[in-house]
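In this document, chain identifiers A, B, C, D, E and F correspond to the written order of the chains, with residue numbering beginning at 1 in each.
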Amino acid sequence: MRILVVNPNTTEEMTEAIGAAARHYASPGTEIIPLTARFGAAGIDSNFESLLSAVAVMDLVSGYQGPFDAVVLAGFGEHGREGMQEIVDVPVFDIAECSAHVAQLIGRSYSVVTTLHRSIAAIEDRLTVAGLSARCASVRAAGLSTLDIERYPERAAERILEQARLAVHQDRAEVLCLGCAGMTGLDEKITTELGVPVVDGIGAAVGLAEAVVGMGLRTSKVCTYARPEPNQLTGWPITARVERSGRAS
Amino acid sequence: MRILVVNPNTTEEMTEAIGAAARHYASPGTEIIPLTARFGAAGIDSNFESLLSAVAVMDLVSGYQGPFDAVVLAGFGEHGREGMQEIVDVPVFDIAECSAHVAQLIGRSYSVVTTLHRSIAAIEDRLTVAGLSARCASVRAAGLSTLDIERYPERAAERILEQARLAVHQDRAEVLCLGCAGMTGLDEKITTELGVPVVDGIGAAVGLAEAVVGMGLRTSKVCTYARPEPNQLTGWPITARVERSGRAS
Amino acid sequence: MRILVVNPNTTEEMTEAIGAAARHYASPGTEIIPLTARFGAAGIDSNFESLLSAVAVMDLVSGYQGPFDAVVLAGFGEHGREGMQEIVDVPVFDIAECSAHVAQLIGRSYSVVTTLHRSIAAIEDRLTVAGLSARCASVRAAGLSTLDIERYPERAAERILEQARLAVHQDRAEVLCLGCAGMTGLDEKITTELGVPVVDGIGAAVGLAEAVVGMGLRTSKVCTYARPEPNQLTGWPITARVERSGRAS
Amino acid sequence: MRILVVNPNTTEEMTEAIGAAARHYASPGTEIIPLTARFGAAGIDSNFESLLSAVAVMDLVSGYQGPFDAVVLAGFGEHGREGMQEIVDVPVFDIAECSAHVAQLIGRSYSVVTTLHRSIAAIEDRLTVAGLSARCASVRAAGLSTLDIERYPERAAERILEQARLAVHQDRAEVLCLGCAGMTGLDEKITTELGVPVVDGIGAAVGLAEAVVGMGLRTSKVCTYARPEPNQLTGWPITARVERSGRAS
Amino acid sequence: MRILVVNPNTTEEMTEAIGAAARHYASPGTEIIPLTARFGAAGIDSNFESLLSAVAVMDLVSGYQGPFDAVVLAGFGEHGREGMQEIVDVPVFDIAECSAHVAQLIGRSYSVVTTLHRSIAAIEDRLTVAGLSARCASVRAAGLSTLDIERYPERAAERILEQARLAVHQDRAEVLCLGCAGMTGLDEKITTELGVPVVDGIGAAVGLAEAVVGMGLRTSKVCTYARPEPNQLTGWPITARVERSGRAS
Amino acid sequence: MRILVVNPNTTEEMTEAIGAAARHYASPGTEIIPLTARFGAAGIDSNFESLLSAVAVMDLVSGYQGPFDAVVLAGFGEHGREGMQEIVDVPVFDIAECSAHVAQLIGRSYSVVTTLHRSIAAIEDRLTVAGLSARCASVRAAGLSTLDIERYPERAAERILEQARLAVHQDRAEVLCLGCAGMTGLDEKITTELGVPVVDGIGAAVGLAEAVVGMGLRTSKVCTYARPEPNQLTGWPITARVERSGRAS
């Protein structure tokens, strides 16, 4: 089985970390293909950047040569899952949604700890649109941007743990989801300190991808996620043009 | 007052129709600036095209020279309002949401009649995310694409009227919203036949824009829709590159 | 355009303040006709008084001589909008609902700050019934009656600001609505201190009235808000009798 | 135990029927005091008439001389329960809400069959505001006014039965509530034909009143339904004035 | 009227207390038959024990000789009401649901104070499944097991009062429900200290049973709660076997 | 990895079919241990039987000798998952919930087709309690009991296909879940005829079990699903007694 794991931002180091995490969770027979968005933001902390990444990610996957069995969208709370489901036939796995699915399977309620307060609404919307908000106890923010979490790992750990503690003690979360790929190393620490399981989004998406592909299932193409009809498109794919004109911003 | 009215697809004829509708509804002192997306689809009938349009529209507005007081997003059920709210300081008006606001002001419940069945989910999600689904009786589809509605106006009218009738008689809608700019001329016909008011999305958005701007209000920048922090962006704006490399698809 | 702006309580000073606010927000061509309830309470702080005001307000408007294009109900959270929608053909605008509509247009979520704790439920119900509660972060009370807010403006300002602060910081409101006509002057102060836009209910209702009337729309008369059928009525209108018998309580 | 059973319309014959039904369901020790609204409509089929009745009913009860232990509001879906709860200390029972309570106790889901289509929204709102809509399968209308149901009992029976059948077979209702006092005699017929229990609103309200009073409970006065503070009231009570000036409309 | 009041745990002392409470609330003509589960836990504080009790209670009632008119399930938040409704024809009253019904009749919102935190979810689910969660302000836990509440009445009273206070002041509950039979004596104390009515679950269930039976109503057998079809059952009833083999654990 | 797959009814043939399905979907390294309830019903079509099976299943698993990594509860819509989560430390997978999880991953909305109409409510409740009802388009019934589906496979296929068609065309389901183990063979037929993916509950549960166990996750024991505290239990485990006294019903 081959899974494309797409980092929606342009930072190669994060792609590597995401790829490593995906491989860590993948079954022996699964091949992980990590990809990096060719345009957009170095770290996504706004709807503007998130929408841009949605297009970058579709651009990337639609230009990918070679077979694959599933796509993992490795941005937590980003826009775009519905579009990707249309342009590929294989199933598509969003890490925020997959985290919530797994969390609901192992606990009564879950909370998400994300980066900035401004990202809370986007995650809430993604969970709502996916029909997964009923067991969400809260979405909390550490108050640090995606890049700052990479840069200041200790401060980040402290702040994330603080919010995780509030999620468990105030919001009655019984499972935690880490709402940013950069938070990956923290699960053990949180489980040790708070006694609750922590779901890693990449792991959840890879695991669910293997399960769904293993069952022989694909996205329903009967209506909402059918292939777009042939249409007159201008400027698509974007990369060809972006790259032809020089890629640096 | 100057309002940018942005057609998210690339069809200039539709921009003209949208501009004309906007001017029809605008107050005397209001200047309407219709704009056409520079890349993307000729008519938007999928999430893929809609996400692409969200970026095209942000690209267009962020490159617009000169002052403006409001932005109207003239795509019914498209992605992207949240991103636009971040990158401009003036308030932003999505025609699907504005239709629902106006409909709720004049009736107990409303239905939307849109183009293809595959677009129902996107409109439902937009209304849900905007907190406007509680009084939505139904979203129904005429079974014709955006471009076909332009091409076959008679068949379109018949099919739309048929769904409007079901909305009123089966779903108990008391107000109708037309979920596609191309449907603009039909309100009178529907009101005559079914006795219910019909809300034109462009008119609703222009009217609410005038009201909100007139009150001296702007989008709250305190959290979710704050300006994105300065970030390392690759390939943005897109148009420069797209255009430099030749615009034809 | 002529808008009746109806103060549901019997205090003329409040009617004057409401009228002034309405004129402040109205467009040049709009004429504001402020009216005062002829019976009922001097300030409305209970369901009993609110229901009484609903009848007083219908009595007042149904006896009004001369044309008008819209009715603004200037009581925040009062009963009665549905009845008024039935007995007039022009559209009707409740200030609590209009505040919420405008707030949703300019922010992710809003809170209301009202007078007494006992009024919270009535406002929540009004928003729920109007389909506007999904984006309501909270309804909070300053703990002062409508008349006390008039009487002790400084203490009122302090208490309202305190609740506004909690709404923004604890409930994550991004827009505030002031749930009492007497709070009108406070918007600037709150915006300055908390950085969030504040919606004035009278302004919102006047603005939306102008927009809806400007679009040529009226309340749907197809079912729920149709004119009541001719019926045998006793004691209606009330004023004639009340006044004939001497108005003092 | 003494229960005031208040007919919100002015038709004495209906009061008599309501009183008879109440006595039929009351326990031996319970005294039923039927009362008729002194002003308002002969039959309530609109929000306008319903709001008027809410005031008439409060006027009536607040002027009632002598002790009582509970108030039953015998209008199905009328406004006003919240106001009555404030002005009396004894508990208050709305027949629409009580029907739903009893229906939920004996079945998975219930439907209401009411008079006119325009009354559906008011009943839905009453159930929602009372927190009783989750198990409501549907509110359906027979298409006859309150007075027509009195006048044409056979046609009414037929139409009501037809809607009851649809409620059971299409909406999966397992219990039916008759949404109009005039429908009282039909329960047996419906139960015989459809096999589902039918809840009579008057019976439900009297039964719940006896239960709650029997437990020694009263309305919570801690916040929402506290007695209104002393206030400057004009024109209250209304009856004194209405009657002084001659009661005929 | 004869009501079976079934204690789902095996502690006879609790059955006696429950029976005494039931008799205290019952009308003169009502006979209370208290029954004790013949197997299961001495006090129920988990889903495991609760499911076991559901079967024990069905076993007990299906083996009961002699007529009865209603069954009261005296476990707060336990599983099993739906099963009991199937195997008897008389109506069935769960004390958690009945508490909520009565609470909604006398106040705007209610909270439940239960034993352990782990029981909160079960009570929330019971209220949700019964369609009674919309007016539930909170379910709070005293942090003591069912048996500890019996054992340490003073500490229990203190802890329960503390949670009741938070329910009223933080969650805005206007009525309280005590979520454990062992809490029965505390209502007066709470009402005195906090000014809110307190609903006793046993009293609520007995009162509603008398009301529903008095109306001549029974559980709807049309679909969900119809008698199970004859089926091949192994090991049922359980008691016969359990007892034959010696009852001690 | 070893997964206990528990048939909640007593029919060994169904256990075999379930075991075969589980093995079909399991990964090479996974060992499937099918188990049959030792008491209860031969086929579960009521809450009574379902609650009995919940206890039978807990009894069975708590008496199982040897290690295991996950438990699959192979009854669609049965009670008991919460109890099993408490008494084992490994994660527990209910086939109704797992079907819904997988369905949501591959489509906008899903419907369930189950056996009898009386089972619809139980499935709805299970999905609601698991937080999975938001994307459920409908639960439909074929009108045949669990055993009849085994007995009359052709008639069953026809009836199930009929409901599946209505789910897709009327309720807009994009994915179907088969709500009964006996329906297992039908997925291909439905996919061929209706073009929608069909989720097999056993396959979904096995796949998700492998994913969750593979991630190293277990049920959160921090609150709701913690091990029951040591308690005085009578008659537990049941089997010992049931078997000692002879197993035949």
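In this section, a contact is a pair of C-beta atoms (placed from the backbone, for glycine too) under 8 Å apart; a residue touches a chain by one contact, two chains touch by 3 or more.
Chain labels with UniProt names: A, B, C, D, E, F = Hydantoin racemase.
As the structure is a computational prediction, the values presented were derived from the model and not from experiment.
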Cα superposition of chain A (Hydantoin racemase) on its sequence copy chain D (Hydantoin racemase) - rotation in ° rounded to nearest 5: 180
Type of chain D (Hydantoin racemase):chain E (Hydantoin racemase) copy interface by residue overlap (half), same or different: same
Rounded Å distance, chain A (Hydantoin racemase) centre to chain E (Hydantoin racemase) centre (Cα mean): 44
Mean-CA-position distance for chain E (Hydantoin racemase) and chain B (Hydantoin racemase) (Å): 53
Sequence positions of chain A (Hydantoin racemase) contacting 2 or more other chains: 108, 117, 120-121, 128, 172, 223-225
Residue numbers on chain F (Hydantoin racemase) that touch chain E (Hydantoin racemase), as the complex places them: 10, 38-43, 45-52, 54-56, 58, 79-80, 82-83, 85-87, 117-118, 120-122, 125, 128-129, 145, 223-226, 228-229, 231-236, 238, 240-242, 244-249
Residues on chain A (Hydantoin racemase) engaged by chain F (Hydantoin racemase) in the complex (per definition of touch): 25, 27, 91, 93, 97-98, 101-102, 104-108, 128, 130-135, 168, 172, 174-175, 194-197, 199-200, 203-204, 207-208, 210-212, 214-215, 217-225
